[in-house]
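Labels run A, B, C and D following the written order; every chain starts at residue 1.
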Amino acid sequence: MLLEECEVLSNKTLASGLYEMKLEGPGICAQGRPGQFVNILVNPSDTPLLRRPMSIAHVNGTTFGLIYKVFGQGTREMSSWQPGHMADILGPLGNGWWPTDDRLPLLVGGGVGIAPINFLHQRLSQAGAPHQLIMGARSGAEHFLEHDPSAGITLTTDDGSAGIAGTVIDGLKAAISRQDNQAVTVLGCGPPGMLRALQSFTMSHEIPCQLAVEEMMGCGVGICMGCSVECRIDASLAQAGEGRRYRLACLDGPVFSAGELVLARD
Amino acid sequence: MLLEECEVLSNKTLASGLYEMKLEGPGICAQGRPGQFVNILVNPSDTPLLRRPMSIAHVNGTTFGLIYKVFGQGTREMSSWQPGHMADILGPLGNGWWPTDDRLPLLVGGGVGIAPINFLHQRLSQAGAPHQLIMGARSGAEHFLEHDPSAGITLTTDDGSAGIAGTVIDGLKAAISRQDNQAVTVLGCGPPGMLRALQSFTMSHEIPCQLAVEEMMGCGVGICMGCSVECRIDASLAQAGEGRRYRLACLDGPVFSAGELVLARD
Amino acid sequence: MTDLTVTLGRGLTLKNPVMVASGTFGYGDEVADLLDYSELGGLVTKSISLEPRDGHPPPRICETPAGMLNAIGWANMGVEAFCRDNLPFLAGLRTAVFVSVAGSSQAEYAHVIEAVERSALEIAGYEINISCPHVDKGGLEFGVSPEETEKLTSRLRAATERYLMVKLSPNVTDIGEIAQAAERGGADAVSAINTVIGMELDPATGIFKVQTGLCGLSGPAIRPIALANVYKVSQAVSIPVVGMGGIMSVEDVVRFIRVGAQAVQIGTANYRDPRIGLQIARELPGYLAKIEAPGLEEIRGSAH
Amino acid sequence: MTDLTVTLGRGLTLKNPVMVASGTFGYGDEVADLLDYSELGGLVTKSISLEPRDGHPPPRICETPAGMLNAIGWANMGVEAFCRDNLPFLAGLRTAVFVSVAGSSQAEYAHVIEAVERSALEIAGYEINISCPHVDKGGLEFGVSPEETEKLTSRLRAATERYLMVKLSPNVTDIGEIAQAAERGGADAVSAINTVIGMELDPATGIFKVQTGLCGLSGPAIRPIALANVYKVSQAVSIPVVGMGGIMSVEDVVRFIRVGAQAVQIGTANYRDPRIGLQIARELPGYLAKIEAPGLEEIRGSAH
């Protein structure tokens, strides 16, 4: 974890409603792993008060990328940053996805969850590790990759304007059907509804699954205890007084084993 | 008084530490008189919360100008506005300087008080009305006019780098000495110290004087009662229960008769 | 179009729930150039005392993070001049006008109301500002004591048949207890919150930014505090609650309704834009439609 | 170089007046990568209870205008695990470490202190978080009652020879009265303020932004409230006062000193930048020189 002054190298529209920012950050690039995030100080004034967490979306040499949507004041201001702007960034934070033996990784991303999934896809591709990528969006305009199942890239859209019409679950089923019996594991990130769908699909099909969650974060480094995530307590641990009902998204996550998570509230 | 969406036409450095902004505002231009001000919404967020009052510094057709210094967040943000920016502006507000019979007006401006004095100078010049202008600053770099006593323009600087070395009081004395016995009146605006000096100079020399004050303003339109200015209560009015100890800079001023003002605190 | 009328009891109905708060809309016609007052749900005047009051010396206000501090000191012209010079204009408006009443003794509050009643001008009623120091009780504010609040309310209840709303201070351990005291005293409604006690100073010199030192905080900074207090008050009483504190938008109005407010008042936001109250009133039907709320009644107190 | 040391009584001296506040710096070494803790004037731990506590369900925090709300619910590992796993690291730091103590009964507070004393680790002392609900008293917080505050303080005074600081809640009518009760009970210092009660909700759905509904407001939004409270407390007691609430800069630290604080704590600002405390400590001599203040002592309580 380090605090780095990062120069904005570029900042532009990537797809409908989606921006991509590239920043110079040698320290963050050297340490960053897929699933980790950075925490960005939007401006030195009192509003917005807290940093904004953003997943690392790719790393090239000493340059890392973010892929983000404009939601409110913080991301709106970020979208106005010009090349040359110096951003105060804390990272890399949290724990990423962990290696998965011999199983074929099926990467599933939706919403802004495509950002960390993109980084994971990049790293696996660079390592020549076989995997499948499934990305979901409402329409084709929100996608920035081409639907190409033969190259392992499956897109889904709610309106059917690109790739498979349907949700990422439909994309996931299609990708699974293409594997002849190879054991798979699902590595996912996306909005709460998608995480719940992935959790119930993988649990009912007994597929190992690791999900990255998004929680409101106060600090991103474990000092506010604000980013609690409800977890199923293993009965034996609870007995020993070691089971913690709530874990911290920033320190213990944001990637958790799907079986561990209690995903209740939107 | 009206709320006008004004387009920024230009916004640039006028002299050291001083900016000039020109805005399109037909309504404000039609009504504005020297000594009146406008109240500017800096941005739609919660900080800064209140509008920023700025004197009208000149009017040309449907375009008016502001001359301002960067003090804090509000003026810093204003200084970043590009041509085309639409500003939410309330004005014109307050009362300006009032006519002064046959006396020769001596206009005295210092600090950002040069802004309304500049407008008064412009209007008197356009009307062909004789007057003298005295502008004070710390150094020549902060001036945007040329020292030209024969044309009625006297500059003063603390460091002597332009015009007369000294304060506006020295400039005022020089200007007075150039009048052979013509009755004069002083119309001034500037920082608290300068206002106090002008007040005591004019009172001790029995020169009529009208001063524009700057007070913290909540609203600029008389609905918060925040911009109180202490005034000497005329004994006869006080008896009748009509004298008000505090008057409002935004409604009753910002121009007051110097004899009326109690200028205590910096 | 959604029905925005709000019934407050004692036969009083507002055309919409958006009023403007005491001390934040002047005496009368200051901003009449900018808006048609009759589109407002209601208007509360500056707090009026029996005699004219100079108010506090300058500086009276300063800005703080997302808020502002003030100590105006109930500067006002006194009830006599007010009834003569300003109230006729206000009483002629087609909106519910409440005269805010200040006093330093129970008798003074009563005398202010009696003077307004004598003027025979048609107003909706009164808002009682109990955040005034009680000189007979060593300067402690009426609003911090349930006993004083109840006594004052019942005395004023006897002085008028008009609507009587008691405005609560947030600077107490248990605001629900004070609200209940006002209810027992016969108040038709309570309004909350008045400003939160605050202070600001120049670090370089130590000089208070507002001359009195201790003064009152308002604006968006206090909105979370106001919502908590209105929530507590709504749980404590069965008379209507009028909510305020940091309202800047139609979303904020709906937040206050959801924690139990019957109507709301807008204060500091008027200084940014005096039209904000009627703009919000105009936006309200569209916003309710957007969130699929049939009306105000259906969402009132629905926070969970 | 200006002398920044601060004497707090009971033989305790801080190397500078800038501490970090309870609950805003984790348990121990979370941010040890980013800064050298020994440059801090002091460090207060998260509030520790006797048994482990899960804390409140998510969401636990939300942002507000220039502030944030939280309801963490004293999530902590319990004093036993804390003394075993975290306190050794903290006790090894060259800065004054205060263990923040939470409890739901007087006995629980005492047991926490006894457990820490048994660990025989070298710490500076304790900060008593009296904003905890007293289960025997129907859940009313200790900190709203002068009697409870005095009783609790004297009981804990008997349990330790170390420094005892009582942390006051601003959610009371008269904070000076509570501060005096702590002083009577034998506190070495009082610290103020804890968070201000607040609430936020989603206007579209009515769902609380923080799961508990009522929760605690912190950050720059409350700084004027904190300054007012520290000012009042400083007038009320003669023991040292440690000030906090919304501190973001060296100017803010000086503001608190000027209203009477002996030292300060930084809370929410740590979330923006965990180095802020030591950065301010480094800037302090330069700032004092700039405003021509010979030292802290000369400006303490100088607000006017």
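The working rule: a contact is a pair of C-beta atoms (placed from the backbone, for glycine too) under 8 Å apart; a residue touches a chain by one contact, two chains touch by 3 or more.
No experiment lies behind these values; they were computed from the predicted model shown.
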Contacting chain A as well as chain C are chains B, D
Taking each chain's centre as the mean of its CA atoms, the one lying farthest from the centre of chain C is chain A
Separation of the C-alpha centres, chain B versus chain C, in whole Å, is 36
Note: chain B sits from chain A at a C-alpha centroid distance in Å of 56
In chain A, the residues touching two or more other chains are 46-47
Going by residue number, chain C touches two or more other chains at 65-67, 219-221
Contact graph of the chains (line, ring, star, complete, other): complete
Chain A residues touching chain B in their complex are 45-47, 73
As the complex stands, chain C meets chain B at residues 23-26, 30-31, 33-34, 46, 52, 54-63, 65-68, 70, 72, 75, 219-221, 248, 268, 270-275
Per the touch rule above, chain D residues touching chain B in the complex are 65-66
Listed in rising order, chain C residues that touch chain D in their complex are 64-67, 69, 144, 171-173, 196-201, 203-208, 213-214, 217, 219-225, 227-228, 231-232, 246, 251-252, 254-255, 258-259, 290-291, 299, 302-304
In the complex, chain A touches chain D at residues 1-3, 41, 46-51, 88, 215-216, 218-219, 221-230, 241, 244-246, 251, 265
